[in-house]
Amino acid sequence: MRALRWIVIVLGLLFSGLPLVWMGLSSIKQRADAISQHPRWIPAAEAPVAPDSPRFEATTSAFRDLASVHAGAQASFWEHLLNSAIIGFFSTLATVALGTLCAYGFSRFRVPGEKDWLFFVLSTRFMPPLAVVVPVLLMYRAFDLQGTRLGLVVLYTVFNLSLAVWLMKGFLDEIPRAFEEAAVVDGYTRFGALVRVVLPEARTGIAVTAVFCLISAWNEYGFAMTLNSSGAVTVPAYFAGLQGNIEGMPWPQVAAGALVFVAPIVAFTVLVRSHLLRGVTFGTVKQ
Amino acid sequence: MKLTALATTLFLAASAALLTACGDDPAKSAGADGSAPQRLVVWWFQWAPADGLQELGREFQKESGIEVVVEQIPLGSYQEKVFLEFGAGRTRFDIVIGDSQWIGRGATKGLYLELTDWLPTVVDLATIHPRAAKYLCEYPEGSGKWFAAPCETDAVGLAYRKDWFEDPAEQAAFQARFGRALQVPGTWQEFAEVAEFFQRPDAKRFGCSLPSDRSYDGLTMGVQNLLWAFGGRWHAETSNRVVGELDTPESAAAIEFYKRLVKLGPKGAERLDYGQVLESFTNGSTAMILNYFAFFPGIHAQFGDRVGFAVVPAHAGRRVASLGGQGLSISTKTPPAQQELAKKFIAWFLQRRVQEQWITKPAGFTANADILASAEFRAKTPYNAPFAESVDTMRDFWNVPVFNELLSVTQRYVGMAVDGELPTEEALKQLAIEKERILKDAGLL
Amino acid sequence: MSPDSAPARRRGAGIAWGLVGPVLLLLVAFNVFPLVYNVVLSFTSRELVGDDWRWVGGANYERVFTDPLFAGALRRTALFVLCAVGAELVLGFVLALALVRGFRGKGAVLAVVLVPMMLSPAVMGLFGALVLNGNYGVLNQILGGLGLPQPQWLSDRGLKFWSVVLIDVWMWTPFMTLIALAGLSSIPAQVHEAAAIDRASRWRVFTRITLPMTAPLLGLAVLLRATDALKQFDLVMATTGPNDAATQTLSTLLYQVVFRDGKVGLGAAFACVVLVVVIALATVFTRYLEHLRRAREA
């Protein structure tokens, strides 16, 4: 049984980890090595002489090339990353602000039809982007929002509200009301009590909510590629858009870019690791 | 709480950085107002000819002061991006170099500016090769209504490893096996035999590769070279009828033959886009490829004398090359001042002296019939002569407004036949019915 | 949920609406409006470009219900949800069983195992296409090195669908592991001790105690994943493209119809049908969530 357990763990590690290792290796290759017909998996200082050698010359050129505009693109990887960052940041900011206020309302006040409203909020999460993208596209054309950062900021904000409301409501419900009541007795206004007492208490919840909203906006592809195919293009749409390039996919740059792209997400995830479960289950499961 | 402190610091740092970044976000407008320098934006997909056009654009700027920017979009998403732009109020491009099939949609939906009256004032239409005019510029075909000026004229051709073909050991082995000399294949049967001969997967050496991608139009552009040669057709000669025209034994034989060919390539040759076909050749593993001539200058630059070029093989004396290439169309959704700039550029581009320059640029191929016919042009490179010959035989897929629906079903059903998911005859039968339904819905039948 | 005792709750319905109103308005604007607009569009011949459209009555719906394409995409999506989520559940649960007991380095192992679900599916799909490439993909190179057959993952008609499933399983097994771990570690130690005293066999303990006690959480995980898998778009776009008969899902078919063929009206009709299915599933999901909450409170 013990042995079996370890076999499962090792297999699981390999299954999850090997593709990531391969991605790391690909990012320090030249393109020819990345698509070589002979496996090349040992980084070396110099290019090997034998054509079927498993060694390849390690290089950081793929990372350097992220700064230049690749054929078939109008901007460099960093500019696309900046788009992703701006869109992700502002949509997260807006989602968390709106979501927290809304969750506070649901948590502390009597809202007629509260349960129905909450489930309505949740149900919006199930909408497949491709099923609603046409009306959104036509709407965005009317307001000239197609291909703008603002357009995606608004869309991702709305898209993530359900997550933010549900997560924040869970966190706010855990903060005893007595705290605010005491503050009000001390002379704070309701709003003052919210800002000075409730929000500081809920800071972990806010951080967790922000991370999950950011991840979702960061990785989104369906809306990004259909609404922002030529302007304010985010990283997933940029990489996917290189498909069918006559020059072929620049695999080392894709791998290098993907590593850079996932780094902040992994870092943030590590920060909220003890709340991971809560985040992925809309706050319904607490650890 | 450490976590919160760290998160707050990160958050503040990120906000500061992003707000700074937002501040100097450059306003990217095409600059149509009088004071700004004149700038013309051209969209094309990413490939060598677009680099050539950009070089010509710089010459144009020297002569006229108008800057020309050729933006290159990956082919895989080019169509969607262009039509999403056309759907918006104003396109980011002034000129779009649209794929030949798009012209029906561009013309009937009011996206391409009609050039019928203007074009004859800047160029003698008789100098434009009739097949280029018919397929790249006019809609409906041969109607005399012009919606584009020819830019890149292109056709499918054959590139092969001359050094392998000329290797005495290979020649002897081929002679022993097939009882004839190892030569550049003139017929599809010969092509298959040569491919079979060079197919050595254990040595990572392969016979041939052909466009076969399912995403946009690769498979269709690959198959139709055989389809027409074998006596098949997409639709009736004089009408859009498909049933009884496409589902014939000749078409089925062509697809069956194509199925045989994809097995004689690298693994995964059942779905290679143009770039991957090219790659299978440039990585030195494949003996012959079928691809557009516009890719061949790059191959020649890399391999020099070790490669040769030829027209596509024939069958029973019939040889038809799949048309490629694109025309320059002016967007109706760009301000009139920009349209005038676009006309200036097109007029300049179509001049004989510029066309002569165009053919010296990377992968630039002209539609100028006089140049194509000249001995000087044909002798200039190893690929020019087969190219000029191919232009005389090239044909195109549908270019009606619903071309993409027709293309979608073609890709899907021919794909199912090639994959063996449906028997070929059955796939063609269903495809013909589907196509007639689409054409009827569009009022074209 | 705590009982309604606080007096503050009874006050200020105005403030309450002020707090929740903006969010509800936004959600209505961006969800209900597109739904209604979709319904309107679905009765027209509107296209992606050009302004010449007309009312076509139920023609688009007739096409949706008669075209084998739509039925095929629906069937394929259902199969995808079933197989991908099923495999993720089984693998994730097995991995969670192996990981539930503490050991040195568990945190690090967990971190590596959980990474794939944080990544962008669009980018990982592309990368999957590189790994699975029949000619130079590393998976086939490994298989070849071991003397095993090298299947054509992304071009064999029987395999390409399963290759997309495989990438999805790679990405989302960690999700199941995460939730199953929570369920497993919530089983009180006394329960296992009691079972040990009763000399219950391992199998009995598993089927009578472990499974029933983790089932509610696993149900939640399955529902969450299923609603996600139903939207499957990114991976198919990155591996086989939207127009491959063997892998076309609901979302990629919608893409093909709307953005390639330009048939906005037809796409809207199709989207309406999809949305009915999605709304039905969402209802089941929210009911289940409610049920789960009640069960936990009891």
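The letters A, B and C name the chains in turn, as written, and every chain counts its residues from 1.
Keep in mind that, in the parts below, contacts are C-beta pairs under 8 Å (C-beta built on N, C-alpha and C of every residue); 3 or more make two chains touch, one makes a residue touch a chain.
Because the structure is predicted, anything quoted here is derived from the model rather than measured.
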{"item": "Greatest separation from chain A - chain, by CA centre", "value": "B"}
{"item": "Which of A-C and A-B has more C-beta pairs touching across its chains", "value": "A-C"}
{"item": "Centroid spacing, where centroids are CA-atom means, of chain A and chain B in whole angstrom", "value": "36"}
{"item": "Centroid spacing, where centroids are CA-atom means, of chain A and chain C in whole angstrom", "value": "16"}
{"item": "For chain B, residues contacting two or more additional chains", "value": "76, 80, 84, 87, 213, 215-216"}
{"item": "Of all residues in chain A, the ones touching two or more other chains", "value": "35, 37-38, 225-226, 240, 243"}
{"item": "Sites on chain C at which at least two other chains make contact", "value": "133, 135, 259"}
{"item": "Residues of chain C defined as touching chain B within the complex", "value": "47-50, 52, 133-135, 140, 150, 152, 154-157, 240-246, 256, 259-263"}
{"item": "Of chain B, residues touching chain C in the complex", "value": "76, 79-80, 83-84, 86-87, 105, 108-111, 213-216, 266-271, 402, 404-405, 408, 411-413, 415-416, 419-421"}
{"item": "Partner chain A, residues of chain C touching it in the complex", "value": "1-2, 4, 6, 8-13, 15-20, 22-24, 26-27, 29-31, 33-35, 37-38, 41, 94-95, 97-99, 101, 109, 111-128, 130-131, 133, 135-136, 138, 141-142, 145, 170, 173-175, 177-179, 182, 217, 220-221, 224, 227, 230-231, 233-234, 237-238, 250-252, 254-255, 258-259, 264, 267-268, 271, 274-275, 278-279, 281-283, 285-286, 289-290, 292-293"}
{"item": "Chain A to chain C touching residues, read off their complex", "value": "4-6, 8-9, 12-13, 15-17, 19-20, 22-23, 26, 34-39, 41, 98-99, 101-102, 104-106, 108-112, 117, 119-136, 138-139, 155, 157-159, 161-162, 165, 173, 177, 180-181, 190, 215, 218-219, 221-222, 225-226, 235-237, 239-240, 243, 249, 251, 254-255, 258, 261-262, 265-266, 269-270, 273, 276-277, 280-282, 284-285, 287"}
{"item": "Footprint of chain A on chain B - complex, ascending", "value": "1, 3-4, 6-7, 11, 14-15, 18, 21-22, 28, 45-48, 71-78, 80-81, 84-85, 87-89, 92, 204, 213, 215-216, 273-276, 278-279, 283, 285, 295"}
